[in-house]
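What follows is a pair of complexes built around chain A, which joins chain B in one and chain C in the other.
So, the complex of A and B:
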């Protein structure tokens, strides 16, 4: 167990090694938020509400979505690089669980981003964009739980895409498609309440809404209490479901590797 | 019972056959065609605890496939491997605990972090007790001088430093068996010597079983007692380095520096291979001509300034074996 804590620590340190990249990440998040707010302002013009949603709430939605994107970012090509360079063999020669190692590595990145990117970006956002505080303290606590579950849903989904590199070797296109799907379907760019009902019905059948939309609506107090329990349960089910798929894929990837030699 | 036992090991790969040209590659994309290639064909050997064994063979001979199967990251098509009673690919993680690997062309160190960070990490991965960790670090520093660069990020190290750090990393948990894959590739003469010296020391002190795959014959000659030559997936030799030299290194070279220009040397059985002014080099077979009588004859007939006898390098013998110049006879042990 201690080894995995150490992996996370090393990932944290590894990311700190690139200071300029860290600062650039913060600036990037701020610019993206600013641009999106400008776009929404242009759409709203002088009206105070579109579809009954207050402008301030929308601003908060946008800020939250981009801040979450900032910390949800993972190392998308770590496994692919290991598979292509063959250094996966070295990892398999260690008495560790490879999936556990990849997970703790990404947790290290997450902690790095929360501490060194989210915190400054959040402070700037509060001052600059005047985002709303959480609806209530209870909602904030539930938001945190839901956000962690959202991270796990995204992680398990990503893991499936990463493992596919054992068969495809190049996963750039697949990662790009996955990113686009997450961006659009999870409400990271556009709140789902602006989408046509048919689309929302479809999205509800996928894991995507669990990633951004659910935590943010909880934060905003837009989800009734009785629905929250169900939404959290749904997130948990997606985590488990995707985790199992990932496990199965990993097993057959390992089998392919040890039989075919990668 | 031997420490490592390999019986009738076979490994087949499925190869994707790609057709030539644009149409051909399209066809391969849509309808992939496969053919089987036998990389390792019925290899058997056993290695005792504490032995140092060199695996050699030309590129594509099946060396690394064999090593991969021994480490447990590749499953054999047929045949069996046991390392101290354990089957490496069935109990990969347990096997990994007592295994160390050094790849000359790869590093297991964390690229952007100081060397010490990787060592600390390995301490937790292998659950190395603190006193043993400290003792080993001291030993490695003494022999490999790793403290001089231990707090530098790996990407800033020279190849020699990186290699030393990599070897130390592989040995940190006192593995019972270590695989070296070209451990001295790209190193300068002094660095190579240092690495070999360290390897010999560890083998002597800790009784670690060591397996080498390398193309550097000096590595083998200076560290291993035993050598297994593999070609086209088959063992063609398994025995001591001395024996192969004794048996096949029958040619000797004699370099003579005459005090005056000598036109022609007429001694039966010797062959001039190089002439440079008053310096000449001869080749002869040691089983045909006795070196003492040859020198005797030369000194009686000519006046000689300097004289050197050269043994054949193992490298030359191996080259001949690869090219098919030497056919092994059945009397040599391990040859089938």
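So, the complex of A and C:
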């Protein structure tokens, strides 16, 4: 266990080296939130509801979605780089669990981003955009749980894509297509309540809504209590399901692995 | 004393074709990968289009902009970016040419440096990925927004598309100049460039003054899509801008390119290799 904590620490420290990028990331998130709010203002101008509760909720949705994008960012090409450079051979020799190592590395990045990106960006957002507070304390707690589950769903989904590098060597295309699907279907850019019913029905059959939409609607108090339990359970099932798929793929990937020189 | 050029224009052109042939060959070497990358880029670019589409199916029009007008405005961004990476991908990848030492090889050859940079790269995957999105949007909107496609309008369209590509190339070349002084600015550049592009997807008039000014005078995407589209559409929100802006795209492109080129020349004159030349 100690080793994994060290990996996370290492990832944290690695990221500190890129302080300028970190600050740029905060500014970028604030600008994108601002711009999106401008567009929504323009959209709602015709409907004369710019000052209503509904609009405030929408702003809060946009802020949360962008802040979550900040902390949900992972190191997409770590496994691919290791497979292509052959250094994965050495990693497999070490007495550690490789997937555990990748996970703790990403947790390190997550902690870094929560501390150094999310916290300042959140404070600025609260001041600038006047986002709504959580619906209630209970909802806030449930939001945190749901967000962690959302992170795990995304992580397990990502892991499956990353593992594909054992077969394809280059995963840029798959990662990009996966990102496109996540951005549209998870409600990261547009709340599901604006989408056509048929599309929502489809999304409900996929893990995507679990990533952004479910946590944010819980925060906003838009989901009735009895539905929350079900939604959380669904998130958990997706985590387990995707995790198992990832494990199976990992096993066959190891059989497939070819290292040239190492 | 004027130096006699080493090669005639015809030879230069033939050489350009040879470069193009080589690039295409290296692209076709990995057909499957390239097709896959093209699809990936297409999907990535469709994100914002799909989101806009979903918003417009729900809200029908925004501030008087109909959905086909919005997408016509958006199509400029994709088509001119496609032209940019087809012809000027070398300017986009210039910082990498310095890190990899490829630029050092250019210095040893008896040909113009800018020529070699531009000729050595064609990014077909990106050109197609963006281009297909652009063509889909254009084909669905260009004939339903009330444009008469006479010779004058077609000429204007082609000019703004090409000069819009030059504006984007200049932005990339400008940031690449910093690699002469070994500052790494590509992350910052990508963030500024691609977000400015995303912002320009919606009409300029949706944004507060400061963002409008930025898009007009700092990262001048307004001249890549908003003003050219306004030339055709003449929406009422054009009244708050100077009418001359409709014709400024080529001017902005030429001024930007000349300024950036001068800056780039200065960089070349004090360039010292990174020592990684092959």
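Brief remarks follow.
Just so it is clear, the second predicted complex is superposed on the first by the 249 of 262 C-alpha atoms of A that agree within 3 Å, B and C clash if a C-alpha of one lies under 4 Å from a C-alpha of the other, contacts with A are read in each partner's own complex, and residues count from 1 in each chain.
Operating definition for what follows: contacts are C-beta pairs under 8 Å (C-beta built on N, C-alpha and C of every residue); 3 or more make two chains touch, one makes a residue touch a chain.
Computed from a predicted structure; not experimentally measured.
When the two complexes are overlaid on their common chain A, residue A:257 makes contact with chain B while staying clear of chain C.
Of the two partner chains placed by the overlay, neither chain B nor chain C lies in contact with A:99.
Taking chain A as the reference, the larger set of touched residues comes from C, when chain B and chain C are compared. Of the two partner chains, chain B is the only one touched by A:89; chain C is not. In the superposed pair of complexes, A:17 makes contact with chain B only, with no contact to chain C. In the superposition on chain A, contact is made by A:7 with chain B only, not with chain C. Looking at the complex, you find that chain A touches chain B at residues 2-3, 5-7, 10, 13-14, 17-18, 85-87, 89-90, 92-96, 257-261. Chain C meets chain A in the complex at residues 33, 36-37, 39-41, 43-44, 46-48, 50-51, 54-55, 57-59, 61-63, 187-188, 191, 195, 198-199, 202, 206-208, 211. Every residue of chain A that touches chain C in the complex is listed here, in rising order: 20-21, 24, 28, 31-32, 34-35, 38-39, 41-43, 45-47, 170, 172-174, 176-177, 179-181, 183-184, 189-190, 194-196, 199. Contact residues of chain B toward chain A in the complex are 13-14, 65, 68, 71-75, 89, 92-94, 96-97, 99, 101, 103, 106, 108, 110, 112-113, 117, 120-121, 124-127, 153.
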